[in-house]
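Both complexes shown next keep chain A, but they swap its partner, so chain B is in the first and chain C is in the second.
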Partner chain A sequence: MSRLGHMLRVLGWAALVGFRDTLGAVYTVQSWVLGLFVRMVAQVAFFASLGQLLGRQADVEFLLIGNAIMVSTSSSFTVTVATVGERDAGTLPLLVASPTSPLVALMGRGASFVPNGLITSLGALAIVAPLYDVSLPWARLPALLALLTLVTVSTYMTATFLAGFVLRSPGTRRTVSNVARLVMMAFCGVSVPLSVYPEVVRAVAQVLPLTHGLKAIRELFAGAGASDILGDAGLEALVGGGWLLLSLATFRWLADAGRRDGSIVFSTA
Partner chain B sequence: MGGPWSGPAVVVEDLVRTFQPKKRPEVVALQGVSLRVDEGEVHGLLGPNGAGKTTLVKILATILLPTSGSATVLGRDVAAEATSVRPLIGIVLGGDRGLYNRLTARQNLRYWAALHKLEPGAGRRRVDALLERMGLTKRADDRVQTYSRGMRQRLHLARALMHDPPVLFLDEPTTGLDPLAARELRAIVGELAGERRTIFLTTHDMAEAEALCQRVTLIDRGRILATETPRALSEMLSRYERVECDGATDEVVADLSALRGVSSVSALGLSTRIEVDSDGVVPEVMRRLVAAGVTSVRVTRPTLEEVYLDLVGRRGMDV
Partner chain C sequence: MRALIGAIRLQLQIVVADRGYLNEILTNPFFAVIFLGVVRAAGRRDLTTFAIVAPVLMTLWALSLEISGNVVSADRGVGILELVVATPTRFQTVVFGRVLAVTLLGTVGVVETWLVARIGFGVEVSVHHPGVLAGALAATALAMTGTALVMAGAFVLAGGARTFQNTMNYPIYLLAGVLVPISYLPGWLRPMSRLIFLSWSADLLRDSLQPEPAQDVLRRLSAVLLLGAGGFLIGSIILRLVLHRVRHLGTIGQE
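And now, the complex of A and B:
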């Protein structure tokens, strides 16, 4: 079995575990629509309405697109919390002692939230945009889907990096994921243009996920050329890859620290 | 199963493990533990709660790192060569946890087959075989959350056997099981021992240790008290046989108490136990009992439980 095939198989099973423990355990299709999807649509509509209050259609479009895309990336942060599921199940020590890196299994646990984010985000765009006179780039829908997937996955890599630290300190799981979401909302150009921030904040935003991908999506909506869009998409892919490398580099170190101080066997259950 | 290694399966030398809880004094879980388990041996680790049994198993299973000292499994160092140790070992940790409750037994095992890098076809066949062996085939597609504790323990064992490891670490596998389920699990462990696997078993259950283990290590407060065969441990407590009888009168008890070589005469429910501390005293005790008309007489040795209580004290029985 190839290394990639093996990893995909583990990711697939871990995704099933994660789905059964989270989305599958909490939602039926009906409660997902009424309890999650409608809430996200309302959230995007709320920000679009704020744009209307500002009085410019450009502000409406900026807030609507930014917050609709944020819905998907926000969903990615579930993987940061998902590490705790392995502690609760008592499977974390067994994963650590298995021949496969536990990072692969932990990455898989939140994977069902990637399609969840994509569906919610696209649905919110499709419903809210016409209500606020924002034109969807229907002709470039595959490109929009590809870019949305890219920002969701690159954010997932950052969330995986943070999951390593949550593994060491499970009590911080909600704080870490919520603070990370807030940082991205504030500094990645979701609701506030980067140009208003000081140089240092703009510099930090360059290495955060979403910043470049969201810019590429805005360019797509504005009808920009492929080269501009691909340039920003490439930067987003680089940022996501960087966070993945960082996760790989730190995870074994974090797991070994847990083996050394014993926190790897502690339970939150 | 097995490899070119021909030395002891497990070697532990001067192992120390401490924990530093926040704002509390350091806890010393293991204090210079040394032991050796031969290949193919079923070795029991017996001790009360907090003795260090689970910590030792977790270090050997590469889950925890030792603070100092060393441990090897089939010649590989569990700290420095953890990645080469992991394919050689199967682990069953005590308790209800360690399974994915919302998956079926088959899905749990298929996942672990993937984690152990089995090819999909081989993984499916292995899962089917293990489910059959553990008697879980009929319930294989039910969610684990509907399983009894005995079924869960058998599933734990199936998971541990997924990659056919030569060494098994079983941490209190029968704790909390009803007698029937415990007996079934012991039978499976006995079968596994018959396959020349090395089994390192922690337990509170003296009868289990006596029935399954070739040698037993007694541990308390992180220190090894003794490592011997169950019989040799019994002999440590009393090198001599002892006599138990029913219906001894006060006069007989007084007579035997005064006999040279008798160390104690004690009531044991409706029976009387006569302990001796010299060679050749048992026949004289028997003769006097029979002469006094006592016909229900037995010659016994201390059980492992008595040895345990003698060495560890009654501290450990509140488990």
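And now, the complex of A and C:
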């Protein structure tokens, strides 16, 4: 079997284990609905109501769409926290010692958070949009789903990059994932148009996940042509690919450094 | 009183060591940036007070949720709950002091929001009614402490309730009009909103920053305090019941 074949096999098994964990140990149907979905629906409604306060339907639509998409990408950051879960369960040293990159196993283990984000986000859109008179592009639903998957996966790449740093300092896992999520909420055009920010902030936003993908989704809602949408979707894919390369380049190095000084198992920082 | 001060000091030491609490404080500037940015992008500078008040209350509430979920279960986890309960000091006093410490710490959100508004957006925040602002913040901190006590009791009484700890932020922000006044909610929801002290706090804090005279201040401050006192009473009763039960069953140290 080729190297790629081995990696895909590990990825597949890891994803299967991750799905089983998510469906049984992490969430039950009741805790998913009451513990996660209700909160996400309320979050989208909260920002949509801010649009009502501003007094223009265009603002309602901007805030509602941006925050409904943000819900999906938020789910990706669970992988940053979950990496430390492996450490707590005692499986991380085994993964690091195995011949396959631990990144592949960890990416597979957290893959269940991608469909989780997609379902939550689409559910929130379906419930909140009619309440605030925002029309959903039902005819273009497959394209919406594809773009939503793209932004969620590209954010997932960034989240796995951050997971490498969290390995070195497990105590920062919540802070790292929260700050990353908030940076995206604030600076990727989710609620605030990028034009409000100084040039330097706008430049940084170009290399963050979500910025271009969300623009493509807004274009989809506005009925733009395929070439405009594909252009921005392509940029989002490039950004996601860039973060994946960064993850691959740094993860093994960070894991090896953790092995050398023992922090991969014993660090409490 | 010494026990109360001791509890406050203990909790402040825990806060320094546990990044969980600092996380909630870290979120404040981001929300301030988002709300102030939205208001600026829409050209609605008249809504700046709404954008300033909301992050302050959101920080306070998030911290309150964090402490109410942890205050008993963390002691259980490290095996000191039995010792705390065995001391002559009332358990409720210890919990109240620890929750109060975190709530007071949450008022740092006022400074954070002010700094973001001033440095990030060049907004000069004018406090037109400093008495109303001080009174509203003090009453809110007390009511927050009382309410956290109810949640702490509920989380201990029904272990599964902690699953929903994270759910209690945005629905409450929406229902209590933390950012958008409750007049924007459907009519049938508004009476429910008025049972949440945050709805009175949000209105009072916004009014303290507006040039127009604030109306009915005493009545509204009383509403905040009464709802907080109700929470404290219910929380104390729940904690007493819980303690009685776990002592009786011998499960005090068990989750």
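By our rule, the second predicted complex is superposed on the first by the 253 of 269 C-alpha atoms of A that agree within 3 Å, B and C clash if a C-alpha of one lies under 4 Å from a C-alpha of the other, contacts with A are read in each partner's own complex, and residues count from 1 in each chain.
One rule holds for everything that comes next: a contact is a pair of C-beta atoms (placed from the backbone, for glycine too) under 8 Å apart; a residue touches a chain by one contact, two chains touch by 3 or more.
Nothing here was measured: the structure is a model prediction, and the numbers come from that model.
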| request: Based on the superposed arrangement, let me know which partner A:Asp59 touches: chain B (first), chain C (second), both, or neither? | output: second
| task | Identify the partner contact of A:Ser169: answer first if only chain B is touched, second if only chain C is, both if each is, neither if none is. | result | neither
| said: Which partner chains sit in contact with A:Val196 here, chain B, chain C, both or neither? Use first/second/both/neither. | reply: second
| field | First, second, both or neither for A:Ala97, with chain B first and chain C second | value | first
| request: May I ask you to decide whether A:Phe46 touches chain B, chain C, both, or neither, giving the answer as first, second, both or neither? | output: second
| First (chain B), second (chain C), both or neither touched by A:Ser31 | second
| note | Shared chain A footprint, chain B vs chain C, residue numbers none
| said: Quick check: in the complex, which residue numbers of chain B touch chain A? | reply: 19-20, 58, 61-65, 83, 86-87, 89, 91, 93, 95-103, 107, 110-112, 114-117, 119-120, 159, 163
| message | Going by the contact rule set out above, which residues of chain C touch chain A in the complex? | response | 19-20, 22-23, 26-27, 30-31, 33-35, 37-42, 44, 47, 50, 163-164, 166-167, 169-171, 173-174, 179-181, 184
| task | Name, in rising order, each residue of chain A that touches chain B in their complex. | result | 1, 6, 9-10, 12-14, 16-17, 20-21, 24-25, 89-91, 93-100, 105, 256, 259-262, 264-265, 267, 269
| said: Per the contact definition, I'd like the list of chain A residues that touch chain C in the complex. | reply: 31, 34-36, 38-39, 42-43, 45-46, 49-50, 52-56, 59, 63, 171-172, 174-175, 178-179, 182-183, 185-186, 190-193, 195-197
